[in-house]
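Two complexes, one shared chain (chain A), two partners (chain B, chain C).
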Partner chain A sequence: MTIPPATALSRSSGIRASTGVALVGALLVWVALLGPLLALLAHLTPRSVVSALRQPGAFQPLEVSVLASLIALAVILLLGTPLAYLMARGRLPFPRLWEVGVILPLLTPPLVIGLLLIFMVGPSTPIGAALSRIDLTASDTFFALVLAEVYEAVPYYVLGAAAAFASVDPQLEQAAGLLGDGHWRTFRRVTVPLAAPGLATALAVTWARAMGAFGAVLIIAYHPFGLPMQIWVTLQESGLSSALPFALVLLVVALPLPVGAFIWSSHARRRL
Partner chain B sequence: MNWERRRLSAIFLVTASALVSVSVAPAAAATGSTGLANLASAGSLQLLLDRYLGPAFVRASGDRYQNQSAGSQGLAQEIVAGELSPNVFLPIGSAAMRLLEPRFTRWAVRFAASPLVVAYYPRGPHAGRLKQISQGKLPLKDLFTLMARPGFKLGRTDPALDPQGQGFVEMVHLAERYLGVSPVTANADLGGASASSQIFSETGLDASLQAGQLDAASAYLPQAVQLGMPYISLPPKINFGDPRDSPIYARATLTLATGQVVHGSLLDLEVSELRVGGDPGAGNAFIRFLLGSRARGILTRRGYTLLSPTLLGRRAAAPGWIRALTQKR
Partner chain C sequence: MLAADFEVARRDFTVGLDIQVAPGERVAVLGPSGAGKTTLLEAIAGLVPLTAGEIWLDQDRISSARSPRRDTRMGHRRVGLLRQNPGLFPHLTVLENICYPPGALPVQAVATAARMGLSGLQHARPQGLSGGEAQRVALCRALQTELRLLCLDEPFSSLDRPLGRELLGVVREALTDSGAAAVLVTHQLSDAQAFADRVAILHRGSVLQIGDPREVVLRPKSALVASLVGYRGWLRRGDHVLAIHPDLAHPVGAEEGDGVISGRVVGIVPDGALVDVELTAEGDWVGRWHARLAEPPQLGSRLYFRPETAPRFPGSEAVFD
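Now for the complex of A and B:
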């Protein structure tokens, strides 16, 4: 069937119009998301950045944040991956219950997570006492900082990773099994490579969440200062102009990993 | 097609520039709402203000009321930076108010004090001894010995940010001088080399004490009353709550991490009207209410020490009714 030229023209201009609307919508969201960053850049001067970073110990919160977030990421990866995989494959009894368990921390304000962690792992709780036997305290320590970051970030990874695993066709795993691969080998050689783009995106989001964790950190890990706490304390202590350079540092340091992950993920998707 | 692409690029650029200019442009001049008492107040006053004084003020005046509570110093910094535009500022301690002078205000009224105490968890391992100290059955000096013991979990707020945090450190130094606490004990009380493990945010400190994760914590007397925690009262010479002992408080000094040296001072409640915050009428009405008999009754019931209203700063800059009401310093 041939389409009359007039109808084709009107359909084509309709598509162009809807593309234009979509582009404006996308732009609105993009610029709105970038708004705070633009405001940050507009209110920073090179002198204020240099002056803030020349303060003694200015880079210590950066080191603390990066190290704590890397450890938190490793813990989340190690413990969250099996849960995400089992959730994705529906191999857990009462699956909705597991999902609710993952979503609940996401719905709980981070400050409240911190308050509840006091009751759960504070020094005088049974878990706190067990931790103290191995010289760990979940209050005002580096360990407490990692713990707070893990709690704030883990749901983002588990949900993202579960979606990535769910996108892998189970028949491919079954085919690998028929060819003689065991569960672990199939997971390593078939499932993970196919889910890798999604896993990379999940890890990127989790990293960003861990680096920016603040609510639970404020309650259980006031010390040692990571970057978000340094920003808050500097704001209180010396005002906005001294605090904003640290916000820039946080963004500059935290950004490469997610950007790298998104680029790699995009290339990997094209290869699949 | 080329024309289409140009048109889309133009839409993109126009929208982006509009949004960027909106996001980066300085905020328009504050538009104050008529009849709104807009407070910025010390974190420990939040319950007092939001639950008791605020509603009583609204009932009495018909004006509206809103309050933001946080560390006094931090609030002052936010006001200076233009992030907050309250018409009434109500900090604890005078340092935060001084940050706003003379740009935002030139006067303040001191009207109450909030003495320091040591609150404790009533079911902790040291609760028995702490109770005996609070009842005077054991000497107060024992409190300092007990706090210095390894394993005693003491919490306090950050001296860099909070008058209470500064006051607690200075209190321990004054206890050396007036209670005969040894310097070694005083140093151990403040955590020695691991002092940072004692320091919490205000919210974290209250929660940790109430959850029994601390044996004791610094607190203002009214705060301990509001939290329902038992506490040990300290003598006026070291509790920063009696204006007559101000010269003694000033002898205690503390060097902050920034190198700034802070002298001890009365932990008083001060109030002032700010020139940035919208409707001056409602701010004025709130201060008038705060200094009146009804609010003073509420303050007494919540554990605050009432002081005769005293005008600080430039007397000539204060409204006439405040000059008439207050004493000269």
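Now for the complex of A and C:
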């Protein structure tokens, strides 16, 4: 049996010590991230949840939020997917400019997005006037809520989807083309299945952002109340204990899809 | 029938090809790395646009520099491309990969897979295949498209030599069955000779010589071609240069005539079952050459070589050492 030299021994114990420090750090972050959720559960009693949700119209904000987020998700998917694909394949002129355009809403505080949206689509703007001709108003309407959610959530989808598309080997798309597929069939049969894990993650994050959109919503879509606005208004009018059950509902509705998508995505990634 | 006369501009140089390939014929394009071999195949397959000329396949003009928008879509060319990366779809099984081309018949796909020795692997994922198996699957898949032309971009160069040679044999058989023509690009002369009916020598985007695989080696038209087909000796006297191929530089006795060149052994390196011997010329000749011999000579000993068999070039041509 050979004995490892002293330097190798000390190096491996050094690695072990640093791994330990990293683990402790990771644990702290994990606990800190889960802390608010644990605190919420600790402060809720079944009776308070039941009584809050038994109030007339208690589920209406939930319906509004789910419907608005589903429509926002559909719009983002429809408009964001081609952009994400073109960005990933470098087929856009001035690619940095496009990236900045996508990242800007991410870096802009949501309240400011709301203010800027008023200047862009408010009733007194040309776009607002055009919208009014088809009976749409981007202020305190369901349409405004969807619009605010789209603006708050779209960068998460486009950036995530672009990364997912970029991870697909372009030679596989070429192979599909040489075997007889057109662009659309290649996209459907090769690109999307291979990008699916990343796309699922991007969609999950986007859904959570849309469901939780608040800043821009507060400015341009105070009505109709979605769940975040309901939480805010209840907190203002009746206090923390009345708002907490709605917070729980938001989490219960908003979280399963992203968590499920994350689990599926990591499983699917392992198979590819 | 492939009739191609085209150019593709690259950043460093323009790649051009003027060639006709008969149905069922196999042509190899031999050249060093960076000669533009892959660009040629990509142009034929429709992956890069032409900057001049056009490409015809049978009665179809599939690419044209004048009207690139009317180029035949690559999926409609019935041109297959096998590369070093087999390009199998990782989300599909072997059989699903083989059946991928639109219109592929599963019964026919299963039969082709069986012929290629893939029967037990139909439900395997590409990730679990060896390099050789993956290439067989890629070939099977390409054959489901009623190929008119198969382009091979050194597909087997990352496999070990015997396996690569075996797979080239498999491709030859498959092509004979299907009647499709083929263009193989490679930097291995032996692969080109084993596979092709004709060999084209490519250097910096230009075809220097094209012909019978053995003729190109025995009668290179220039010193540059000679250097590309394995000549490793350059002897200068007066205004001409002799190119010497190590396999053709058999030693003769000193007394066999006046024309013999003598050289002194300065290096001996084992090369398979033979030895590679390096010699420096003596007398009127200047330069070095290599010979592959069965028996290793003494270092410093003198050997003689009859130069009549060696191609002769004007001295103005560059001498490669």
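Observations on the model:
By definition in this document, the second predicted complex is superposed on the first by the 254 of 272 C-alpha atoms of A that agree within 3 Å, B and C clash if a C-alpha of one lies under 4 Å from a C-alpha of the other, contacts with A are read in each partner's own complex, and residues count from 1 in each chain.
Here is the rule we go by: contacts are C-beta pairs under 8 Å (C-beta built on N, C-alpha and C of every residue); 3 or more make two chains touch, one makes a residue touch a chain.
All values reported here derive from a predicted model rather than from experimental measurement.
Annotation for the three-chain superposition on chain A: chain B and chain C fit side by side.
In the superposed model, B is the one of chain B and chain C that contacts more residues of chain A.
Once chain A of one complex is fitted onto chain A of the other, the partner contacts of A:259 are absent, as it touches neither chain B nor chain C. In the superposed pair of complexes, A:50 makes contact with neither chain B nor chain C. One geometric descriptor of the composite model is the angle centred on chain A: between the Cα centres of chain B and chain C it reads 150 degrees, in steps of 10. By the touch criterion defined above, A:122 reaches chain B but does not reach chain C.
After overlaying the two complexes on the shared chain, residue contacts for A:106 are found with neither chain B nor chain C.
Touch criterion met: A:190 reaches chain C, while chain B stays clear of it. By the document's definition of touching, of the two partners only chain C reaches A:176; chain B does not. Remark: least CA distance from chain B to chain C after fitting both complexes onto chain A is 31 Å.
Chain A has no residue lying at the interface with chain B in one structure and with chain C in the other.
Touching chain C in their complex are the following residues of chain A: 169, 171-172, 174-182, 185, 189-190, 193-194, 271-272. Residue ranges of chain B in contact with chain A, taken from their complex: 4, 7-8, 11-12, 15-16, 19-20, 22-24, 70-71, 73-74, 77-78, 80-81, 83, 124, 153, 158, 160-161, 196-201, 203-204, 207-208, 211-213, 258. Partner chain A is touched in their complex by these residues of chain C: 45-47, 73-77, 79-81, 83, 85, 87, 89-91, 100-103, 125, 141-142, 144-145.
Per the touch definition, chain A reaches chain B in the complex via residues 16, 19-20, 23-24, 27-28, 31-32, 34-36, 38-39, 42, 111, 114-115, 118-119, 122-125, 128, 137, 139-141, 218-220, 222-224, 233, 235-241.
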